[in-house]
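Multiple structures are listed underneath, in structure tokens.
The following pair of complexes shares a single chain, chain A, combined with chain B in the former and chain C in the latter.
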Partner chain A sequence: MFLKESAIRNFWLNLGALALLALFLWGAEHFANEYQVRLLNNMAIFVTLAVSYNLVNGICGQLHLGPNAFITLGAYTAALLTLTPQQKELIFILQPLVWPLSQITLPFALALLCGGLVAALFGFITGFPVFRVRGDYLAIVTLGFGEVVRVLANNLQSLTNGPLGLKGLKPLTNLWWSWGVAAITIILIRALVNSSYGRAMMAIRDDEAAAQAIGVDTFRHLMLAYILSAFFFGVAGGLLAHLITTISPTLFTFFLTFNLLIIIVVGGLGSTTGAVLSAILFTLAGEWLRIVEEPHTLLGVTIPGIPGLRMVFFSFLLLLVIVFFRQGLLGRREFSWQSLGRFLRRFSAKVSTGHI
Partner chain B sequence: MLEIAHLGVRFGGLLALEDFCLTVPVGGLYGLIGPNGAGKTTVFNVVSGFLQPASGTVIFRGQNLQGLPPHARTALGMARTFQNIRLFGDLTVLENVMVGFHCRSRAAWWEAVLRLPRYGREEKRRQLRAWELLEEVGLREVAWEPAGQLPYGHQRRLEIARALATGPRLLLLDEPAAGLNPQETLELLQFLKQIQEHHQLTMLVIEHNLRLVMELCEHLTVLDHGLTIAQGPPAEVRQDPQVIRAYLGKQ
Partner chain C sequence: MDIVTLVQQLVNGLSLGSLYALIAIGYTMVYGILRLINFAHGDLIMVSAYVAVMGVGLFSWPWPVAFGLAVVLTGLLGVMLERGAYRPLRRAPRISLLISAIAASFFLENLFLVLAGGRPKPFPTPPWFAGVLKWGGVFIPRLSLLIPVVTAVLLAALFLLIQRTQVGRAMRAVAHDLETVSLMGVNVDRIISLAFLLGSLLAGAGGLLWAMKYPQVNPFMGIMPGLKAFIAAVLGGIGNLAGAVVGGLLLGLLEIMIVAFFPAWAGYRDAVAFGLLIVILLVRPTGILGESLGEEKL
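Let's turn to the complex of A and B:
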């Protein structure tokens, strides 16, 4: 059947794309400098975060403002599990770390997994009160999570080392981990969105009462999206922790959530492709715009660097997108091999008839 | 099929429904009529679980529905449409119908994500049956259009098709002929009779168009200001002085 054939073709094309990515990462590992590698790692983590965030906000249409809480949870969990007992003894000077955490050291993969699971558990527990409300109320409830987690991290000395945070994590996050996680996140979330469950989630976004009336258990579907995204937030938090190598309770504030919100709105709420592209652009733009925060000498006048000026640019960018591209850069369109094929055919036709 | 007993609903001081009783037998084609604000939609909202009544019971296929949320009632075999059409505007016509089948899905979410065989079989079946349904309601040609962009009459049909996709035994239609011209209304009448037969449905229809109701329904309940003022076969109800007064009083 036609459908089956195209599915097989897509499978091979996807595999080919993954192989290309692997080749690129291999090249980057060998030829890129430290700064570029760091940038690529950041990029991958933001792709993971944006795609997960888009599941709740873009696909299910719920304004969730708490990703930074889940990222913090994942970061702390993973960090506590990769540090060695000796390191932990040195770090926790005010109050020793609770047993058995003080004795455990896990491989990176397991630590990341646990980071994701702890965040998912937090999602499961908070999901019950969160989805009793909708709209602005849901936004306000989730907005509080970041604050709750920060207070907990500050005060649970024997678990988090309080305001001092955790230092000296091994820089375990490399290109393979960060892009591997990003690829898995994209594949799984796209598979979910393109399934019967994803359709039900979009139905909830479009009209919740109608979705209930045709038998969609809205609570269960929202919970599913929320917990899955929480899991990936947690894993990404673990990656971030082992990239930065130092974490503290105030590292992941609402500011991070705000950045993610900009990314998915600019990319087009509801489009996974848009979220990926936008996250990549955002990371690059963030680096390019560093220039504006550095001191400059212009026509003999020295302008001091203004920290935070980048955010002014981003806000302006957001404004432009909202005014001129209501639907974001991609709207709700998605990348597919078919559309790429169509585009290439049209392009080559133009070239051969000399219209370009 | 459906037994509604002594239903009472109030909104603040307003008595929207009082002591409402109605029994719809299996296969019945029942109508619910009355002037604006009589409480007709309120009956649907209670039966489909969107509204908790202050008093009274609803029994559906032998089961008391007390406290069941709307999606669980749909799972038991009832489906409704809305007076002001509520489609999933950004989804395509086909997807709207496919969502309707989702409540009968047995495959878990992780089976769907991993595209395991059970999910694959179900999804294939959903596709096939969705196309059949679209054929039946005459929307095959517009299957790939966003539902929000269909003309009004098509949207009404799509909403009914989507309800049918849930596999209902009881179908609740809230003013299906609203906004249709006489020709379209006639077609709708044929269409409703046809789907009733094909899907072996029991139907409860709210309708202002008296011609449609008289032709379609074998039994009518007339509401006015939350009170049941008449009940019986259409021919009888039409002669009822109270009904005539309620309708003339409105005009």
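Let's turn to the complex of A and C:
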């Protein structure tokens, strides 16, 4: 009885949290300025990406370095599906777009779904060679797929318009889409991690041979995590494309993957809560640190901005965290209503006894 | 394709391949001992090139001084890298070590982006390395011949060191079984530092040769040669020094020949190496000269 009650309570609390998020988004839509809305959208997309990335790297313990490949696929697929035939004719000046794509225009939701599915299909195909190997090799093979996709995007003129990229996408990504996708990603991935599948994945992470010995099908579980994360990378790619409205192959380099890696390591490899928190902090810190890259005039003296200093800071931070604080912000801990309740009770006890 | 072009392309492939081999040695030595892909190894190429540019351009040193200093500093940087980013994590999960390597690589790249700026700098190729040799109807840049020669000399020295000296024997022993050797009174830390030093010195020399061949020095110039050299090391059989040389030469020749025979595919050149990597890992993960590895080494 007790378990059931707490499950019901958690359901209502979760629903309440979602309602609060919706209220916040409604407020942001009406009262925030354009810059703040864009920041919130960025945040949501990074939350989606980080939570999916953490599934493969943190929960399954496989260093996957190719999210940029899946984001590229999702972005291009979704973009090609929302552009109108007239726009496509104008964009593809060197070589016309291949036939069926040149005529199709889909609503945003379907385009995002297709972006996710194409990325997932690519995940299914590449998963076979990727999971033949482990460790460093897995890292370099996934990195290789990222590079191959970038080279293809640069060269398949009649499919991607090459280095020129796609311009003039409709800015369809709004707060509801970006945070909606982020919420769905978090709910689905949390449900997966808490299921027997998730426990099997963590067993693989902790000791693959032992997991195999107790009958875990390692290949199937790793594939499941890899394909699911690929799907969300694809959807997030579609959102990103319709947020910035211009995409080209240079947008999706290994640099993007590196940012995601920083986010999940700082948040705590293996913690979905950590990935969410860290993605939000990373987006904010990226904006705050813009200051150091812009020139400033202080007491009549002009201090020139130093472009690139942000990345020096972030990469040094990653180095520090991985060498000295390997758990990151949260380690493998997760947020739960029970732990919040415990914290609040302890806090109120301290307040009432006057220890604070 | 006539015979003249073929010879020219062969020489090109050979010189590119020697560069890959020179860089691949550093990957394979570190991998042989620590089972780690030293992601920052490629960036040592860039550091070496920048030191030479600064030495010749900024301080107007004669080029042998600047080049020598570049190689030595790069070697020391490799040792510092191991001390700072890898040694503290030797007992940590593998994923942490790899992430540390990637972080170190990005740190170096962005540090040089801030220090030197993003605009590519021309490389001051000494006149001694410039010029074109004409031989029959074949025109060959002097550099394309010098690169394989320099590589051969450096590699011969390395092989002598590893096969014929006490330290070299210790290094081979550590690569074979680190734990046992540490019980036998070998200072494993010092041997690992030495492996990093040697690999980084070669990367430093490789960086200078690379910068003379492609005279555009920028903070991200080391990434592609680094990845390709790693693939060359895997192709030859990682952990095997001779394999790194064979793999490097093969990869260099393959890349040049593909572009020579199918000019339309030039845009896909970078994808060829990665495609090759995936095929090797599927078909023969131990590479051409690799011993048969157990699962735990993959």
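Methods note: the second predicted complex is superposed on the first by the 347 of 356 C-alpha atoms of A that agree within 3 Å, B and C clash if a C-alpha of one lies under 4 Å from a C-alpha of the other, contacts with A are read in each partner's own complex, and residues count from 1 in each chain.
Assume a contact is a pair of C-beta atoms (placed from the backbone, for glycine too) under 8 Å apart; a residue touches a chain by one contact, two chains touch by 3 or more.
Treat the numbers as computed from the prediction; the structure is a model and nothing was measured.
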item: Contacts of A:T218 with chain B and chain C, given as first, second, both or neither; value: first
item: Partner chain(s) touched by A:P85 [first = chain B, second = chain C, both, neither]; value: neither
item: Partner chain(s) touched by A:P171 [first = chain B, second = chain C, both, neither]; value: neither
item: Partner chain(s) touched by A:R132 [first = chain B, second = chain C, both, neither]; value: second
item: First (chain B), second (chain C), both or neither touched by A:P107; value: neither
item: Chain B versus chain C as contact partner of A:A210, first or second or both or neither; value: first
item: Of chain C and chain B, partner touching more chain A residues; value: C
item: Chain B versus chain C as contact partner of A:I322, first or second or both or neither; value: second
item: First (chain B), second (chain C), both or neither touched by A:V312; value: second
item: Interface residues of chain A shared between complexes with chain B and chain C; value: none
item: Contacting residues of chain B [partner chain A, same complex]; value: 48, 50, 69-72, 74-75, 79-80, 82, 86-91, 95-96, 98-105, 107, 109, 112-115, 119, 122-123, 126, 162-163, 165-166
item: Chain B-facing residues of chain A, complex; value: 188, 191-192, 195-197, 199-200, 202-203, 205-207, 209-218, 224, 332
item: In the complex, chain C residues that touch chain A; value: 31, 35-37, 84-85, 88-89, 92-96, 98-100, 102-104, 106-107, 110-111, 113-114, 118, 227, 230-231, 234, 267-268, 270-271, 274-275, 277-278, 281-282, 285, 298
item: Interface residues, chain A side, partner chain C - complex; value: 57, 61, 63, 65, 129, 132-137, 139-141, 143-145, 147-148, 151-152, 154-155, 258, 261, 265, 269, 306-309, 311-312, 315-316, 318-319, 322-324, 326
